[in-house]
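You will see two complexes here that share chain A, one where it goes with chain B and one where it goes with chain C.
What follows is the complex of A and B.
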């Protein structure tokens, strides 16, 4: 008994011949696979360098310092600036759609997903139709539709559609209010904001302690927000309103102030937000439904209210289920920004292709475009993986 | 005249003789299927009532109606003087006074055992944290798993989870405990530890309604046994009489079946 547990069968005198030994087979397969992949990569690289040499195309990255030759839509980028900077603008333009896009899609998707579980018939049906229509139309079709059929049909600047004094909508773009800082007291004001945040957190901690000690409701979030806003407003007034909204105003042939979204960017943003939010809605719905029915019953049996049940029992478990899939949707949205190439939105791929068209080497540029998207995706992946690990750890 | 003697037994409050739960003419439909066909039953203070019967006879539906996990369609349910109505306040009042233990435990997997037990006392009863935790530890000691307090439910055995679930229900200091087949999902060697806990609870004077097939438990602990079939109460009697000399044919058939193959 003890002998058989101390030595595994393979350690005994008669090992099988090597071609039947699972351990050797396993190692041999892996070595073989590595050699094959290495050979393939070498062959591809060799092929590329030989052909580039034959065609007389440069293989270095020195061209990055040469002037781009063309300006970039919706940016004050100048044609004489080097390619390197043009590519950075492309990278920035991806983020300009992806970051607000992810946040907006998350908010809309959550509302629609919860709406699909509503007891209200109308809300439930409306949310259902939203999801079924939007997730079944290809994003490229939606993008081209919004660009050509909506944004290109908007009135000329003189007849801009306005939403009060806050927003302007015309064929040249979407104009939104922007935040304006006055140079002097602005840094001081950020200090005040930081102070307000600290005060709100301290209040939250104190309220939590009181709740632990007495059981009286802490209401730490509304109280904390109130305190933060109070201090922020006082500081804002005391410092002579250092922070203000700058509204877009039509000035002659242009628009002065505000944040401008060119039609191309608006089309990519709207199409991707609508498309992705429909998938996030399904993830939210599925995750809430995936929390076992017994959890709701146990909460009810304990006398927890509906809100308490959601807050303490259902949502923490649903969030855990939703995180990995939601992370996938964030990645999809980011990568789908490359569809912007079809409406000439100057994201990284568009800039790269334009440069290739102007005689810069394609292999290097495609490599840079791929690497740029890859880096952004890996960044988002890392972020969702961290969030995921944090949520999983709280399980056990 | 079997009908009248039956009603007499089912309306006889045991325990102290005062009424804790009163059901009159309770009916429940799931679509076209009638799960409860006019249930009359009174449970007295400090009484232990065991409900048994074949699968699909409506036992679980019956006790789930008492704390409104199921909504009854007709009849009256009164728990400790409060009638169950559509008023949220009545529903919450009854749920606060009624603890429930499920077949599948239904512990919250993302919270530790201690957090599972203190959640409702702190959020619903507004107890200070220290006091809630002290009560929780006392209860865990009572169900003999104080050393599991800071573990998560997934790390406990089935029997330990069920005892933690009992402690969780008791932490709300309920006047009534409802048990819905608490041992049916357990391995045989764990059934005893849960039944011991329940017996100890009954001895301490808790009013209990238990749906269970554990006949040994019923004999040892129950004041009355209710036998149900097809959504109706067939027979109610003290355990000794019901098990040894059942009056109704349906009861005899059921008992012969479970006695031939004791689980």
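What follows is the complex of A and C.
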């Protein structure tokens, strides 16, 4: 396979001296590089600690237990809680935008990407404009645009836009009904939900077996959902309606009850979803075009409809190609949440900077903020790599 | 055959992950060591407690590396560096009318800018030998610590944490301020007690947030604070009714109100003052000679007002002062052959007052009743007029 395994005894005698031996040079270079990097890191760290000591700035992490001193926007966080908890809220706030953002961007991106290849002129052009405009505007500009020019132009609290009693929309946020649990029967109801889920999965498996045996359409998804909803509704009625809706109501200067999305979060979410979905659309388009043309022709020959062709033949293969690049876009979206500092969205960087401004040490906090974003990015990388590996294995 | 390189690649990937983890773990371990080394029972009590310990062991360990430990060794003071360089680098504000603002020509003007110029006049003899670096509230102490600027003159409040953990050293306050609350005139709010459940806009990286929390907690009011990175976005949000109140130092609120897009009468500043805000220049910790130079520049402007010396009469006074009859004034003007040993030129006060002016002139020119801000002297008057400025004797 490689040269080293095929070395014969006679070769060994003719080996060059070690300073010209490729194998030794290779190892020496790598070790040397590692030492150099290590030394550089050590020097930087040493430099930092020495300078901090000279300036009399603390270098430990003991401050994490001190009270934060300020509340956090859009959260129940109490000002007396330690700074450690504030940073965790920051991490949570990144995920609160990143997770739904990634899912939404994926859906929109896929639709637009498919749309770019549509045979319908209008759809194709519209998708093209969507991609070209959104892809070429910096995300920070979009963020500030949506925050100031759109969300800040909504009416004041007293003149909220309402959707019946269910939802409120004003300059202070988007208010939706929240789910309220009644204490007693709620756990039982969750048990019922679990049962319903198991029943739905069993039904799906049975339908699949039948499909494999007879070739009749299985319709496992709609049937499973129906079964789940049926059992859940019966359980809900039988247990005396343990889950209720809590509606948002204007109360004094604030709004009582319901779920609230602050405009800062909405701005970050909208801007990043639009920005990232334009890149995902391009990845999806490229991946579809990378699927061999014969596949399309074969499915046409089999008489599949356009939708069926996409669903069963083209998209499964295209998604496999798209996974690694889409993973990069997920990473970008997550990291771009840090732009939220500019519109007062309390993600990790915002909270770290706020703490620095309130007298907590900057080097340690920047380290924590970086480590937080790094951990999220590595987590997403790991996830996409796993997904990629699973998909790749089915390739020949 | 094809699967073998893949397996290699996979092993490599996991090795890289492990290596990354190792680097992180090492960094953490190193930090933990540092922690153990300086940790003392007082760690969790206060910010200001800990650095003392750090400084002590820093001085012991560092003496060999540089002579910073010896204040008498003038060769290492920033004062000499600045004099050799021929320019003072000041960290300033560029967005608060009256205190630090970029003009249409790209120059800077304001109360703090004048104090930076005064320092240049005292140290170098030329008020124009300044380099002004606009800084955000959050970046200012990092810039000071890293040596990017020589002195921070950016309406900065003197607090324990900044004096201690953040490594700053403050001169006498140049401006006594207090935090206030601005609301829209039609909001129906006449006192902070009316603000239950209100949304309040704050600028990030300021003591303002902490004062607001203290005030609202003591009044038992719930509120939400939206913390913005810059005043422009904050103003947009305030105008759009995102916030009921805008809290900041009262001098800043006066400045913002004077330039408010809908006119100054569309907003009002509540009467309540919710904090003490002594504002003044800050330098890096550990260089007392440079601190003295900056401090005595500030004091000189006030002594100038006390003695009735201003930019219009200072040069005549230098000619006419009688060393025997007015010894204090003569010493101040540097004509009595007196050198207090500050490392400044003997005539530094004359340079400051002739080129920039005394405290009263600086105040009137930038923030006084005839300017857009229209602030009265009040607590910023000299002690002889019932104010708080009490300059030590020269």
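Convention: the second predicted complex is superposed on the first by the 373 of 396 C-alpha atoms of A that agree within 3 Å, B and C clash if a C-alpha of one lies under 4 Å from a C-alpha of the other, contacts with A are read in each partner's own complex, and residues count from 1 in each chain.
To be clear about the criterion, a residue touches a chain if its C-beta (ideal position, glycine included) is under 8 Å from a C-beta of that chain, and two chains touch if they have at least 3 such contacts.
What you see is a predicted model, and the numbers here were worked out from it, not measured in a lab.
Peer 1: See if chain A has more residues touched by chain B or by chain C, and give me that chain.
Peer 2: Greater contact footprint in residues on chain A: C.
Peer 1: Does the superposition put A:36 against chain B (first), chain C (second), both, or neither?
Peer 2: The answer is neither, since A:36 touches no partner chain.
Peer 1: When the two structures are overlaid on chain A, which partner does A:188 contact: first (chain B), second (chain C), both, or neither?
Peer 2: A:188 sits against neither chain B nor chain C.
Peer 1: Mind working out whether A:25 is in touch with chain B, chain C, both or neither, as first, second, both or neither?
Peer 2: neither
Peer 1: Quick one: classify A:249 as touching chain B (first), chain C (second), both or neither.
Peer 2: neither
Peer 1: Applying the touch criterion given at the start, work out whether A:295 contacts chain B, chain C, both or neither, answering first, second, both or neither.
Peer 2: In the superposition, A:295 contacts chain B only.
Peer 1: Regarding the shared-chain residue A:213, is it in contact with chain B (first), chain C (second), both, or neither?
Peer 2: First partner only, chain B.
Peer 1: In the superposed arrangement, what residues of chain A touch both chain B and chain C?
Peer 2: none
Peer 1: Which positions of chain C touch chain A when the two form their complex?
Peer 2: Going through chain C, the ones touching chain A are 1, 4, 13, 17, 20, 23-24, 27, 30-31, 34-35, 38-39, 43-44, 47, 50-52, 54-55, 57-58, 61-62, 65, 68, 137-138, 141-142, 145, 159, 161-162, 164-167, 195-199, 204-207, 209-210, 212-213, 217, 223-230, 233, 236-237, 240-242, 244, 284-286.
Peer 1: In the complex of these two chains, what residues of chain A are touching chain B?
Peer 2: Against chain B, chain A makes touches at 211-217, 292, 294-295, 297-298, 300-305, 308, 312-313, 316-317, 320, 394-396.
Peer 1: Show which residues of chain B lie in contact with chain A when the two form their complex.
Peer 2: Residues in contact with chain A: 67-69, 92, 95-96, 98-100, 102, 104, 106-110, 119-120, 122-132, 152, 154-155, 168-169, 172.
Peer 1: Show me the residue ranges of chain A that touch chain C in the complex, using the header's touch definition.
Peer 2: On the chain A side, the touching residues are 1, 41, 45, 49-50, 52-63, 65-66, 69-71, 73-74, 79, 144, 147-148, 152-153, 156-157, 171-172, 251-254, 263-264, 341-344, 346, 350, 353-354, 356-362, 364, 367, 371, 378, 385.
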